[in-house]
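Report on one structure; see the data block that follows.
A, B, C and D are the chain letters, set down in written order, and residue numbers restart from 1 in every chain.
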(Lines give C-alpha, C1' and ligand atoms only; values in the text may rest on other atoms or scores of the structure.)
Protein backbone atom coordinates (compact mmCIF):
# COMPACT_ATOMS: atom_id res chain seq x y z
CA UNK A 1 0.00 0.00 0.00
CA UNK A 2 1.47 3.31 -1.02
CA UNK A 3 0.03 5.61 1.66
CA UNK A 4 -0.71 3.88 4.99
CA UNK A 5 -3.31 5.63 7.19
CA UNK A 6 -3.96 8.53 4.83
CA UNK A 7 -5.95 11.52 6.03
CA UNK A 8 -9.03 12.92 4.37
CA UNK A 9 -7.06 15.66 2.62
CA UNK A 10 -5.28 13.01 0.56
CA UNK A 11 -8.57 12.42 -1.29
CA UNK A 12 -10.61 14.68 -3.53
CA UNK A 13 -14.08 13.17 -3.83
CA UNK A 14 -16.25 11.86 -0.98
CA UNK A 15 -19.53 10.05 -0.75
CA UNK A 16 -21.24 8.56 2.29
CA UNK A 17 -22.79 5.11 1.75
CA UNK A 18 -24.91 2.92 4.00
CA UNK A 19 -23.85 -0.39 5.46
CA UNK A 20 -26.18 -3.38 5.83
CA UNK A 21 -26.83 -5.72 8.70
CA UNK A 22 -25.34 -8.69 6.87
CA UNK A 23 -22.13 -6.82 6.01
CA UNK A 24 -20.94 -7.86 9.47
CA UNK A 25 -19.61 -11.40 9.62
CA UNK A 26 -19.18 -13.91 12.46
CA UNK A 27 -16.54 -11.70 14.05
CA UNK A 28 -19.02 -8.82 14.39
CA UNK A 29 -17.35 -6.44 11.95
CA UNK A 30 -17.67 -5.66 8.27
CA UNK A 31 -16.32 -8.59 6.30
CA UNK A 32 -13.18 -7.81 4.27
CA UNK A 33 -15.02 -8.49 1.03
CA UNK A 34 -17.55 -5.69 1.55
CA UNK A 35 -14.87 -2.99 1.37
CA UNK A 36 -14.54 -3.78 -2.33
CA UNK A 37 -18.30 -3.38 -2.85
CA UNK A 38 -17.88 0.17 -1.55
CA UNK A 39 -14.86 0.86 -3.75
CA UNK A 40 -16.73 -0.48 -6.79
CA UNK A 41 -19.82 1.56 -6.02
CA UNK A 42 -17.89 4.76 -5.29
CA UNK A 43 -15.98 4.59 -8.58
CA UNK A 44 -19.10 3.83 -10.62
CA UNK A 45 -21.07 6.66 -8.95
CA UNK A 46 -18.25 9.08 -9.75
CA UNK A 47 -18.07 7.86 -13.36
CA UNK A 48 -21.77 8.50 -13.72
CA UNK A 49 -22.21 11.70 -11.77
CA UNK A 50 -18.92 13.46 -12.39
CA UNK A 51 -17.08 11.87 -15.31
CA UNK A 52 -19.98 11.84 -17.74
CA UNK A 53 -20.09 8.10 -18.44
CA UNK A 54 -23.44 6.37 -18.94
CA UNK A 55 -23.18 3.62 -16.30
CA UNK A 56 -24.56 1.10 -16.91
CA UNK A 57 -25.65 1.07 -20.50
CA UNK A 58 -23.05 3.26 -22.19
CA UNK A 59 -20.81 2.54 -25.16
CA UNK A 60 -17.73 2.54 -22.95
CA UNK A 61 -17.52 0.37 -19.85
CA UNK A 62 -14.87 -0.03 -17.17
CA UNK A 63 -13.42 -3.50 -16.62
CA UNK A 64 -11.61 -4.01 -13.34
CA UNK A 65 -8.06 -5.29 -13.78
CA UNK A 66 -6.56 -4.81 -10.33
CA UNK A 67 -7.76 -4.01 -6.83
CA UNK A 68 -6.16 -3.95 -3.39
CA UNK A 69 -7.04 -3.00 0.16
CA UNK A 70 -5.21 -2.47 3.46
CA UNK A 71 -7.41 -2.75 6.52
CA UNK A 72 -6.35 -0.45 9.37
CA UNK A 73 -9.39 -0.48 11.60
CA UNK A 74 -12.72 -2.28 11.74
CA UNK A 75 -15.86 -0.83 10.17
CA UNK A 76 -19.38 -2.11 10.17
CA UNK A 77 -23.13 -1.83 10.43
CA UNK A 78 -24.89 0.26 11.69
CA UNK A 79 -22.37 3.01 10.93
CA UNK A 80 -22.23 4.26 7.33
CA UNK A 81 -18.86 4.66 5.63
CA UNK A 82 -17.42 7.68 3.88
CA UNK A 83 -15.94 6.53 0.59
CA UNK A 84 -13.07 8.63 -0.73
CA UNK A 85 -11.51 8.82 -4.18
CA UNK A 86 -8.49 10.29 -5.86
CA UNK A 87 -6.62 9.37 -9.04
CA UNK A 88 -3.14 7.87 -8.89
CA UNK A 89 -2.52 7.40 -12.60
CA UNK A 90 -4.22 8.26 -15.88
CA UNK A 91 -3.24 6.03 -18.80
CA UNK A 92 -4.37 5.93 -22.43
CA UNK A 93 -7.27 3.54 -21.66
CA UNK A 94 -6.99 3.07 -17.92
CA UNK A 95 -7.33 4.92 -14.66
CA UNK A 96 -5.92 3.82 -11.31
CA UNK A 97 -7.90 5.21 -8.42
CA UNK A 98 -6.83 5.59 -4.81
CA UNK A 99 -9.84 4.56 -2.76
CA UNK A 100 -10.45 4.71 0.97
CA UNK A 101 -13.10 4.25 3.61
CA UNK A 102 -13.40 6.54 6.64
CA UNK A 103 -15.67 6.29 9.64
CA UNK A 104 -17.89 9.38 9.70
CA UNK A 105 -16.02 12.05 11.62
CA UNK A 106 -12.67 10.25 11.56
CA UNK A 107 -9.72 11.97 9.96
CA UNK A 108 -7.63 8.85 9.32
CA UNK A 109 -8.68 6.16 6.85
CA UNK A 110 -9.98 2.87 8.26
CA UNK A 111 -9.16 1.16 4.97
CA UNK A 112 -7.25 2.19 1.86
CA UNK A 113 -6.83 0.63 -1.49
CA UNK A 114 -6.32 0.84 -5.20
CA UNK A 115 -8.76 0.17 -8.02
CA UNK A 116 -7.71 0.02 -11.70
CA UNK A 117 -10.21 0.17 -14.53
CA UNK A 118 -9.47 -0.40 -18.20
CA UNK A 119 -12.10 1.29 -20.32
CA UNK A 120 -13.34 -0.80 -23.22
CA UNK A 121 -15.91 -0.75 -25.98
CA UNK A 122 -19.09 -2.28 -24.54
CA UNK A 123 -19.55 -4.53 -27.61
CA UNK A 124 -16.14 -5.94 -28.46
CA UNK A 125 -14.61 -5.35 -25.02
CA UNK A 126 -11.40 -3.90 -26.50
CA UNK A 127 -9.62 -0.97 -24.84
CA UNK A 128 -10.51 2.48 -26.11
CA UNK A 129 -8.89 5.87 -25.43
CA UNK A 130 -10.41 7.48 -22.34
CA UNK A 131 -13.47 9.57 -23.24
CA UNK A 132 -12.53 13.24 -22.94
CA UNK A 133 -15.00 13.92 -20.09
CA UNK A 134 -13.50 11.07 -18.09
CA UNK A 135 -9.91 12.16 -18.74
CA UNK A 136 -10.65 15.69 -17.58
CA UNK A 137 -12.53 14.48 -14.49
CA UNK A 138 -9.72 12.07 -13.60
CA UNK A 139 -7.06 14.76 -13.95
CA UNK A 140 -9.11 17.06 -11.73
CA UNK A 141 -8.87 14.61 -8.82
CA UNK A 142 -5.32 13.42 -9.49
CA UNK A 143 -2.83 13.31 -6.66
CA UNK A 144 0.12 15.54 -7.63
CA UNK A 145 3.28 13.60 -8.36
CA UNK A 146 5.96 14.04 -5.69
CA UNK A 147 7.88 17.20 -6.45
CA UNK A 148 5.25 18.43 -8.87
CA UNK A 149 4.27 22.02 -8.86
CA UNK B 1 -49.26 -11.10 -0.27
CA UNK B 2 -51.84 -9.33 1.85
CA UNK B 3 -51.68 -5.83 0.41
CA UNK B 4 -50.61 -5.65 -3.25
CA UNK B 5 -49.17 -2.30 -4.38
CA UNK B 6 -49.58 -0.57 -1.04
CA UNK B 7 -49.09 3.18 -0.84
CA UNK B 8 -46.73 5.00 1.50
CA UNK B 9 -49.49 5.78 3.99
CA UNK B 10 -49.84 2.05 4.72
CA UNK B 11 -46.45 2.22 6.47
CA UNK B 12 -45.31 4.06 9.56
CA UNK B 13 -41.53 4.13 9.55
CA UNK B 14 -39.27 5.05 6.62
CA UNK B 15 -35.57 4.99 5.98
CA UNK B 16 -33.68 5.66 2.75
CA UNK B 17 -30.81 3.23 2.08
CA UNK B 18 -28.16 3.16 -0.65
CA UNK B 19 -27.88 0.55 -3.36
CA UNK B 20 -24.57 -0.81 -4.64
CA UNK B 21 -23.26 -1.37 -8.12
CA UNK B 22 -23.22 -5.16 -7.72
CA UNK B 23 -26.84 -5.25 -6.49
CA UNK B 24 -27.79 -5.28 -10.17
CA UNK B 25 -27.56 -8.69 -11.78
CA UNK B 26 -27.16 -9.85 -15.39
CA UNK B 27 -30.61 -8.50 -16.23
CA UNK B 28 -29.57 -4.98 -15.23
CA UNK B 29 -31.85 -4.63 -12.21
CA UNK B 30 -31.57 -5.27 -8.50
CA UNK B 31 -31.41 -9.00 -7.92
CA UNK B 32 -34.40 -10.44 -6.02
CA UNK B 33 -32.15 -11.49 -3.14
CA UNK B 34 -31.08 -7.94 -2.34
CA UNK B 35 -34.60 -6.88 -1.36
CA UNK B 36 -34.25 -9.08 1.69
CA UNK B 37 -30.98 -7.42 2.66
CA UNK B 38 -32.91 -4.15 2.79
CA UNK B 39 -35.76 -5.68 4.83
CA UNK B 40 -33.26 -7.17 7.26
CA UNK B 41 -31.35 -3.92 7.61
CA UNK B 42 -34.49 -1.80 8.00
CA UNK B 43 -35.85 -3.99 10.80
CA UNK B 44 -32.53 -4.11 12.65
CA UNK B 45 -32.05 -0.33 12.36
CA UNK B 46 -35.54 0.20 13.78
CA UNK B 47 -34.87 -2.28 16.63
CA UNK B 48 -31.75 -0.35 17.52
CA UNK B 49 -32.84 3.22 16.99
CA UNK B 50 -36.50 3.07 17.97
CA UNK B 51 -37.26 -0.12 19.88
CA UNK B 52 -34.39 0.11 22.35
CA UNK B 53 -32.69 -3.19 21.55
CA UNK B 54 -28.91 -3.42 21.63
CA UNK B 55 -28.23 -4.78 18.12
CA UNK B 56 -25.89 -6.52 17.81
CA UNK B 57 -24.56 -7.46 21.21
CA UNK B 58 -27.66 -7.40 23.37
CA UNK B 59 -29.14 -10.08 25.64
CA UNK B 60 -32.13 -10.49 23.36
CA UNK B 61 -31.71 -11.17 19.66
CA UNK B 62 -34.19 -11.57 16.81
CA UNK B 63 -34.11 -14.82 14.85
CA UNK B 64 -35.83 -14.73 11.48
CA UNK B 65 -38.48 -17.42 11.08
CA UNK B 66 -40.35 -16.32 7.98
CA UNK B 67 -39.90 -13.80 5.16
CA UNK B 68 -41.70 -13.10 1.89
CA UNK B 69 -41.60 -10.58 -0.94
CA UNK B 70 -43.76 -9.63 -3.91
CA UNK B 71 -41.93 -7.77 -6.65
CA UNK B 72 -44.10 -5.23 -8.46
CA UNK B 73 -41.51 -3.13 -10.26
CA UNK B 74 -37.76 -3.20 -10.80
CA UNK B 75 -35.38 -1.28 -8.55
CA UNK B 76 -31.66 -0.88 -8.75
CA UNK B 77 -28.40 1.00 -8.56
CA UNK B 78 -27.77 3.93 -8.76
CA UNK B 79 -31.12 4.86 -7.21
CA UNK B 80 -31.45 4.44 -3.43
CA UNK B 81 -34.52 2.73 -1.99
CA UNK B 82 -36.93 3.95 0.64
CA UNK B 83 -37.50 1.13 3.10
CA UNK B 84 -40.87 1.18 4.87
CA UNK B 85 -42.03 -0.64 8.01
CA UNK B 86 -45.24 -1.33 9.86
CA UNK B 87 -46.26 -4.09 12.25
CA UNK B 88 -48.81 -6.71 11.24
CA UNK B 89 -48.83 -8.78 14.43
CA UNK B 90 -47.37 -8.64 17.92
CA UNK B 91 -47.07 -12.00 19.65
CA UNK B 92 -45.70 -13.01 23.03
CA UNK B 93 -42.16 -13.50 21.66
CA UNK B 94 -42.55 -12.57 18.02
CA UNK B 95 -43.29 -9.64 15.77
CA UNK B 96 -44.41 -9.84 12.14
CA UNK B 97 -43.45 -6.76 10.19
CA UNK B 98 -44.90 -5.50 6.93
CA UNK B 99 -41.92 -4.32 4.89
CA UNK B 100 -41.76 -2.50 1.59
CA UNK B 101 -39.39 -0.76 -0.79
CA UNK B 102 -40.33 2.41 -2.66
CA UNK B 103 -38.43 4.29 -5.32
CA UNK B 104 -37.69 7.78 -4.01
CA UNK B 105 -40.66 9.95 -4.92
CA UNK B 106 -42.95 7.06 -5.83
CA UNK B 107 -46.22 6.65 -3.94
CA UNK B 108 -46.76 2.96 -4.73
CA UNK B 109 -44.49 0.23 -3.41
CA UNK B 110 -42.06 -1.40 -5.86
CA UNK B 111 -41.81 -4.43 -3.56
CA UNK B 112 -43.71 -5.56 -0.48
CA UNK B 113 -43.15 -8.33 1.97
CA UNK B 114 -43.37 -9.78 5.42
CA UNK B 115 -40.63 -10.41 7.96
CA UNK B 116 -41.19 -12.37 11.20
CA UNK B 117 -38.72 -12.30 14.06
CA UNK B 118 -38.83 -14.49 17.14
CA UNK B 119 -36.96 -12.84 19.98
CA UNK B 120 -34.71 -15.17 21.95
CA UNK B 121 -32.16 -15.13 24.72
CA UNK B 122 -28.77 -14.53 23.08
CA UNK B 123 -27.16 -17.36 25.05
CA UNK B 124 -29.59 -20.27 25.01
CA UNK B 125 -31.55 -19.08 21.95
CA UNK B 126 -34.91 -19.79 23.59
CA UNK B 127 -37.89 -17.46 23.04
CA UNK B 128 -38.39 -14.72 25.61
CA UNK B 129 -41.30 -12.34 26.17
CA UNK B 130 -40.86 -9.18 24.08
CA UNK B 131 -38.87 -6.56 25.97
CA UNK B 132 -41.24 -3.80 27.04
CA UNK B 133 -39.57 -1.12 24.90
CA UNK B 134 -39.92 -3.32 21.83
CA UNK B 135 -43.56 -4.16 22.54
CA UNK B 136 -44.44 -0.48 22.90
CA UNK B 137 -42.53 0.49 19.75
CA UNK B 138 -44.17 -2.33 17.76
CA UNK B 139 -47.65 -1.34 18.89
CA UNK B 140 -46.93 2.25 17.91
CA UNK B 141 -46.38 1.26 14.27
CA UNK B 142 -49.06 -1.44 14.11
CA UNK B 143 -51.52 -1.47 11.27
CA UNK B 144 -55.03 -1.20 12.76
CA UNK B 145 -57.04 -4.41 12.51
CA UNK B 146 -59.93 -4.18 10.04
CA UNK B 147 -62.91 -2.64 11.80
CA UNK B 148 -60.78 -1.51 14.72
CA UNK B 149 -61.51 1.79 16.38
CA UNK C 1 -45.86 -21.90 4.07
CA UNK C 2 -47.76 -24.78 2.52
CA UNK C 3 -45.70 -27.71 3.71
CA UNK C 4 -43.87 -27.11 7.03
CA UNK C 5 -40.79 -29.30 7.62
CA UNK C 6 -41.12 -31.25 4.37
CA UNK C 7 -38.99 -34.34 3.83
CA UNK C 8 -36.70 -34.97 0.89
CA UNK C 9 -39.27 -37.10 -0.91
CA UNK C 10 -41.48 -34.03 -1.30
CA UNK C 11 -38.93 -32.69 -3.81
CA UNK C 12 -37.84 -33.97 -7.19
CA UNK C 13 -34.58 -32.25 -8.10
CA UNK C 14 -31.55 -31.83 -5.86
CA UNK C 15 -28.27 -29.99 -6.13
CA UNK C 16 -25.59 -29.49 -3.49
CA UNK C 17 -24.11 -25.97 -3.36
CA UNK C 18 -21.25 -24.52 -1.34
CA UNK C 19 -21.59 -21.92 1.37
CA UNK C 20 -19.11 -19.08 1.90
CA UNK C 21 -17.44 -17.75 5.01
CA UNK C 22 -19.27 -14.44 4.84
CA UNK C 23 -22.69 -16.12 4.51
CA UNK C 24 -22.65 -16.32 8.30
CA UNK C 25 -23.65 -13.10 10.03
CA UNK C 26 -22.99 -11.69 13.51
CA UNK C 27 -25.09 -14.44 15.07
CA UNK C 28 -22.80 -17.13 13.62
CA UNK C 29 -25.30 -18.68 11.22
CA UNK C 30 -26.24 -18.20 7.59
CA UNK C 31 -27.99 -14.87 7.23
CA UNK C 32 -31.65 -15.13 6.18
CA UNK C 33 -30.92 -13.32 2.92
CA UNK C 34 -28.53 -15.99 1.68
CA UNK C 35 -31.26 -18.63 1.49
CA UNK C 36 -32.72 -16.71 -1.42
CA UNK C 37 -29.38 -16.71 -3.23
CA UNK C 38 -29.54 -20.50 -3.09
CA UNK C 39 -33.15 -20.62 -4.30
CA UNK C 40 -32.30 -18.26 -7.17
CA UNK C 41 -29.24 -20.26 -8.15
CA UNK C 42 -31.00 -23.63 -7.91
CA UNK C 43 -33.86 -22.50 -10.17
CA UNK C 44 -31.52 -20.95 -12.74
CA UNK C 45 -29.28 -24.04 -12.80
CA UNK C 46 -32.34 -26.24 -13.39
CA UNK C 47 -33.61 -23.92 -16.15
CA UNK C 48 -30.27 -24.18 -17.88
CA UNK C 49 -29.39 -27.81 -17.33
CA UNK C 50 -32.81 -29.47 -17.39
CA UNK C 51 -35.41 -27.12 -18.86
CA UNK C 52 -33.45 -26.14 -21.96
CA UNK C 53 -33.35 -22.39 -21.40
CA UNK C 54 -30.26 -20.42 -22.37
CA UNK C 55 -29.49 -18.68 -19.05
CA UNK C 56 -28.23 -16.02 -19.20
CA UNK C 57 -28.36 -14.75 -22.76
CA UNK C 58 -31.48 -16.43 -24.13
CA UNK C 59 -34.54 -14.92 -25.81
CA UNK C 60 -36.73 -15.82 -22.84
CA UNK C 61 -35.81 -14.78 -19.31
CA UNK C 62 -37.43 -15.42 -15.94
CA UNK C 63 -38.42 -12.40 -13.85
CA UNK C 64 -39.04 -13.08 -10.19
CA UNK C 65 -42.47 -11.91 -9.01
CA UNK C 66 -42.80 -13.58 -5.61
CA UNK C 67 -40.58 -15.41 -3.14
CA UNK C 68 -40.98 -16.67 0.41
CA UNK C 69 -39.05 -18.68 2.97
CA UNK C 70 -39.72 -20.35 6.32
CA UNK C 71 -36.64 -20.97 8.41
CA UNK C 72 -36.86 -24.12 10.55
CA UNK C 73 -33.25 -24.64 11.55
CA UNK C 74 -29.98 -22.80 11.17
CA UNK C 75 -27.60 -23.50 8.31
CA UNK C 76 -24.19 -22.10 7.59
CA UNK C 77 -20.59 -22.23 6.50
CA UNK C 78 -18.63 -24.51 6.39
CA UNK C 79 -21.41 -27.00 5.63
CA UNK C 80 -22.78 -27.01 2.06
CA UNK C 81 -26.55 -27.03 1.51
CA UNK C 82 -28.63 -29.40 -0.55
CA UNK C 83 -31.02 -27.33 -2.64
CA UNK C 84 -34.28 -29.05 -3.54
CA UNK C 85 -36.88 -28.20 -6.19
CA UNK C 86 -40.37 -29.20 -7.18
CA UNK C 87 -43.11 -27.39 -9.09
CA UNK C 88 -46.27 -26.22 -7.34
CA UNK C 89 -48.03 -24.59 -10.29
CA UNK C 90 -47.52 -24.26 -14.04
CA UNK C 91 -49.28 -21.26 -15.59
CA UNK C 92 -49.38 -19.92 -19.14
CA UNK C 93 -46.27 -17.75 -18.62
CA UNK C 94 -45.30 -18.52 -15.05
CA UNK C 95 -44.00 -21.32 -12.87
CA UNK C 96 -44.20 -21.45 -9.08
CA UNK C 97 -41.48 -23.60 -7.59
CA UNK C 98 -41.34 -25.19 -4.17
CA UNK C 99 -37.77 -24.70 -2.98
CA UNK C 100 -36.00 -26.04 0.08
CA UNK C 101 -32.61 -26.31 1.72
CA UNK C 102 -31.47 -29.43 3.56
CA UNK C 103 -28.34 -30.04 5.57
CA UNK C 104 -26.38 -32.83 3.91
CA UNK C 105 -27.68 -36.09 5.36
CA UNK C 106 -30.77 -34.57 6.98
CA UNK C 107 -34.18 -35.84 5.95
CA UNK C 108 -36.18 -32.81 7.07
CA UNK C 109 -35.85 -29.42 5.41
CA UNK C 110 -33.97 -26.71 7.31
CA UNK C 111 -35.72 -24.05 5.20
CA UNK C 112 -38.59 -24.13 2.73
CA UNK C 113 -40.00 -21.57 0.40
CA UNK C 114 -41.68 -20.60 -2.81
CA UNK C 115 -40.27 -18.91 -5.89
CA UNK C 116 -42.43 -17.65 -8.77
CA UNK C 117 -40.99 -16.73 -12.15
CA UNK C 118 -42.84 -15.05 -14.99
CA UNK C 119 -41.13 -15.80 -18.29
CA UNK C 120 -40.78 -12.80 -20.57
CA UNK C 121 -39.25 -11.81 -23.88
CA UNK C 122 -35.70 -10.66 -23.14
CA UNK C 123 -36.12 -7.52 -25.26
CA UNK C 124 -39.55 -6.10 -24.48
CA UNK C 125 -39.91 -7.86 -21.10
CA UNK C 126 -43.51 -8.93 -21.85
CA UNK C 127 -44.82 -12.34 -20.74
CA UNK C 128 -44.57 -15.15 -23.29
CA UNK C 129 -46.06 -18.64 -23.26
CA UNK C 130 -43.71 -21.09 -21.52
CA UNK C 131 -41.23 -22.57 -23.99
CA UNK C 132 -42.22 -26.19 -24.64
CA UNK C 133 -39.02 -27.65 -23.11
CA UNK C 134 -39.64 -25.68 -19.93
CA UNK C 135 -43.29 -26.70 -19.70
CA UNK C 136 -42.40 -30.36 -20.05
CA UNK C 137 -39.57 -30.13 -17.52
CA UNK C 138 -41.81 -28.29 -15.02
CA UNK C 139 -44.58 -30.87 -15.35
CA UNK C 140 -42.06 -33.64 -14.78
CA UNK C 141 -41.19 -32.28 -11.32
CA UNK C 142 -44.70 -31.15 -10.39
CA UNK C 143 -46.13 -32.10 -7.03
CA UNK C 144 -49.34 -34.07 -7.66
CA UNK C 145 -52.50 -32.16 -6.82
CA UNK C 146 -54.28 -33.45 -3.70
CA UNK C 147 -56.49 -36.38 -4.67
CA UNK C 148 -54.63 -36.85 -7.95
CA UNK C 149 -53.92 -40.28 -9.22
CA UNK D 1 1.10 -8.60 -8.41
CA UNK D 2 4.19 -10.74 -7.99
CA UNK D 3 3.41 -13.58 -10.40
CA UNK D 4 1.16 -12.64 -13.35
CA UNK D 5 -0.79 -15.50 -14.95
CA UNK D 6 0.57 -18.22 -12.69
CA UNK D 7 -0.01 -21.85 -13.57
CA UNK D 8 -1.56 -24.45 -11.32
CA UNK D 9 1.80 -25.85 -10.26
CA UNK D 10 2.56 -22.55 -8.51
CA UNK D 11 -0.08 -23.45 -5.91
CA UNK D 12 -0.25 -26.26 -3.39
CA UNK D 13 -3.83 -26.55 -2.19
CA UNK D 14 -6.96 -26.59 -4.36
CA UNK D 15 -10.67 -26.53 -3.70
CA UNK D 16 -13.53 -26.20 -6.17
CA UNK D 17 -16.33 -23.86 -5.06
CA UNK D 18 -19.70 -23.05 -6.60
CA UNK D 19 -20.70 -19.73 -8.08
CA UNK D 20 -24.17 -18.20 -7.70
CA UNK D 21 -26.51 -16.60 -10.19
CA UNK D 22 -26.20 -13.17 -8.58
CA UNK D 23 -22.38 -13.28 -8.62
CA UNK D 24 -22.66 -12.01 -12.19
CA UNK D 25 -23.23 -8.27 -12.46
CA UNK D 26 -24.71 -6.03 -15.16
CA UNK D 27 -21.80 -6.85 -17.47
CA UNK D 28 -22.65 -10.56 -17.37
CA UNK D 29 -19.53 -11.74 -15.54
CA UNK D 30 -18.56 -12.36 -11.96
CA UNK D 31 -18.32 -9.02 -10.18
CA UNK D 32 -14.80 -8.11 -9.00
CA UNK D 33 -15.92 -8.19 -5.38
CA UNK D 34 -16.88 -11.86 -5.46
CA UNK D 35 -13.30 -12.99 -6.07
CA UNK D 36 -12.52 -11.92 -2.52
CA UNK D 37 -15.40 -13.99 -1.14
CA UNK D 38 -13.69 -17.00 -2.72
CA UNK D 39 -10.27 -16.06 -1.34
CA UNK D 40 -11.77 -15.58 2.13
CA UNK D 41 -13.63 -18.87 1.99
CA UNK D 42 -10.66 -20.83 0.64
CA UNK D 43 -8.34 -19.59 3.38
CA UNK D 44 -10.87 -20.26 6.15
CA UNK D 45 -11.62 -23.78 4.83
CA UNK D 46 -7.90 -24.54 4.78
CA UNK D 47 -7.47 -23.16 8.32
CA UNK D 48 -10.23 -25.43 9.51
CA UNK D 49 -9.57 -28.58 7.54
CA UNK D 50 -5.79 -28.56 7.26
CA UNK D 51 -4.28 -26.11 9.75
CA UNK D 52 -6.20 -27.31 12.80
CA UNK D 53 -7.89 -24.01 13.70
CA UNK D 54 -11.43 -24.02 15.09
CA UNK D 55 -13.11 -21.64 12.63
CA UNK D 56 -15.35 -20.03 13.68
CA UNK D 57 -15.44 -20.30 17.44
CA UNK D 58 -11.80 -20.91 18.33
CA UNK D 59 -9.52 -19.05 20.71
CA UNK D 60 -7.41 -17.75 17.85
CA UNK D 61 -8.98 -15.92 14.91
CA UNK D 62 -7.54 -14.49 11.72
CA UNK D 63 -8.07 -10.79 11.05
CA UNK D 64 -7.53 -9.67 7.48
CA UNK D 65 -5.00 -6.87 7.14
CA UNK D 66 -4.31 -6.79 3.41
CA UNK D 67 -5.78 -8.27 0.25
CA UNK D 68 -5.20 -7.77 -3.47
CA UNK D 69 -6.34 -9.24 -6.75
CA UNK D 70 -5.33 -9.05 -10.42
CA UNK D 71 -8.06 -10.02 -12.85
CA UNK D 72 -6.74 -11.71 -16.00
CA UNK D 73 -9.86 -13.25 -17.44
CA UNK D 74 -13.59 -13.22 -16.69
CA UNK D 75 -15.20 -15.89 -14.52
CA UNK D 76 -18.81 -16.41 -13.62
CA UNK D 77 -21.93 -18.42 -13.00
CA UNK D 78 -22.76 -21.16 -13.90
CA UNK D 79 -19.14 -22.35 -13.93
CA UNK D 80 -17.58 -23.18 -10.55
CA UNK D 81 -14.11 -21.86 -9.72
CA UNK D 82 -11.05 -23.74 -8.56
CA UNK D 83 -9.57 -21.84 -5.63
CA UNK D 84 -5.82 -22.26 -5.17
CA UNK D 85 -3.60 -21.49 -2.20
CA UNK D 86 0.07 -21.28 -1.35
CA UNK D 87 1.97 -19.38 1.34
CA UNK D 88 4.21 -16.44 0.47
CA UNK D 89 5.37 -15.52 3.96
CA UNK D 90 5.10 -16.89 7.49
CA UNK D 91 5.58 -14.28 10.22
CA UNK D 92 5.41 -14.51 13.99
CA UNK D 93 1.65 -13.80 14.08
CA UNK D 94 0.81 -13.47 10.42
CA UNK D 95 0.61 -15.46 7.22
CA UNK D 96 0.50 -14.03 3.71
CA UNK D 97 -1.21 -16.36 1.28
CA UNK D 98 -0.97 -16.41 -2.49
CA UNK D 99 -4.49 -17.04 -3.72
CA UNK D 100 -5.82 -17.68 -7.20
CA UNK D 101 -8.93 -18.68 -9.10
CA UNK D 102 -8.82 -21.02 -12.11
CA UNK D 103 -11.58 -22.03 -14.46
CA UNK D 104 -12.05 -25.79 -14.18
CA UNK D 105 -9.67 -27.38 -16.65
CA UNK D 106 -7.64 -24.24 -17.27
CA UNK D 107 -3.93 -24.28 -16.53
CA UNK D 108 -3.46 -20.50 -16.21
CA UNK D 109 -5.04 -18.49 -13.40
CA UNK D 110 -8.02 -16.29 -14.27
CA UNK D 111 -7.35 -14.19 -11.16
CA UNK D 112 -4.50 -14.02 -8.67
CA UNK D 113 -4.08 -12.24 -5.42
CA UNK D 114 -2.66 -11.97 -1.95
CA UNK D 115 -4.38 -12.34 1.40
CA UNK D 116 -2.69 -11.50 4.72
CA UNK D 117 -4.09 -12.64 8.05
CA UNK D 118 -2.86 -11.58 11.47
CA UNK D 119 -3.82 -14.16 14.05
CA UNK D 120 -5.19 -12.73 17.28
CA UNK D 121 -6.70 -13.81 20.56
CA UNK D 122 -10.46 -14.04 20.02
CA UNK D 123 -11.17 -12.09 23.19
CA UNK D 124 -8.74 -9.20 23.31
CA UNK D 125 -7.96 -9.22 19.58
CA UNK D 126 -4.22 -8.91 20.17
CA UNK D 127 -1.70 -10.74 17.96
CA UNK D 128 -0.54 -14.14 19.20
CA UNK D 129 2.24 -16.41 17.98
CA UNK D 130 0.98 -18.72 15.23
CA UNK D 131 -0.43 -21.92 16.71
CA UNK D 132 2.01 -24.75 16.00
CA UNK D 133 -0.43 -26.69 13.76
CA UNK D 134 -0.96 -23.58 11.64
CA UNK D 135 2.75 -22.81 11.35
CA UNK D 136 3.49 -26.36 10.19
CA UNK D 137 0.60 -26.35 7.71
CA UNK D 138 1.65 -22.96 6.32
CA UNK D 139 5.26 -24.06 5.88
CA UNK D 140 4.07 -27.18 4.08
CA UNK D 141 2.44 -25.08 1.33
CA UNK D 142 5.07 -22.33 1.23
CA UNK D 143 6.50 -21.23 -2.09
CA UNK D 144 10.27 -21.71 -1.93
CA UNK D 145 12.19 -18.46 -1.75
CA UNK D 146 14.10 -17.59 -4.94
CA UNK D 147 17.44 -19.34 -4.87
CA UNK D 148 16.33 -21.66 -2.09
CA UNK D 149 17.37 -25.25 -2.15
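As a working rule, a contact is a pair of C-beta atoms (placed from the backbone, for glycine too) under 8 Å apart; a residue touches a chain by one contact, two chains touch by 3 or more.
Keep in mind that what you see is a predicted model, and the values were worked out from it rather than measured.
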| field | Rotation, 0 to 180 degrees and nearest 5, that superposes chain A on copy chain B via CA atoms | value | 180
| request: Specify, for the interface formed by the sequence copies chain A and chain D, whether it is same or different in terms of residue numbers shared by both sides, with half as the dividing line. | output: same
| remark: Note, CA centroid farthest from chain B's centroid sits on chain D
| said: Measuring centre to centre with CA averages, how many angstrom lie between chain A and chain B? | reply: 31
| field | Cα-centroid distance, chain A relative to chain D, in whole angstrom | value | 23
| request: Report, in whole Å, the distance between the mean C-alpha point of chain B and the mean C-alpha point of chain D. | output: 36
| field | Per-residue overlap in chain C, given as positions that touch at least 2 other chains | value | 21-22, 24, 26, 28, 31, 33-34, 37, 40, 56
| Which bits of chain A are touching chain D when the two form their complex? | 1, 26-27, 31-34, 36-37, 40, 56, 61, 63-71
| field | Interface residues, chain B side, partner chain D - complex | value | 21-22, 24-26, 28, 31, 33-34
| said: Give the list of chain D residues in touch with chain C in this complex. | reply: 17-18, 20-22, 24, 28, 37-38, 40-41, 44-45, 48, 55-57, 77-78
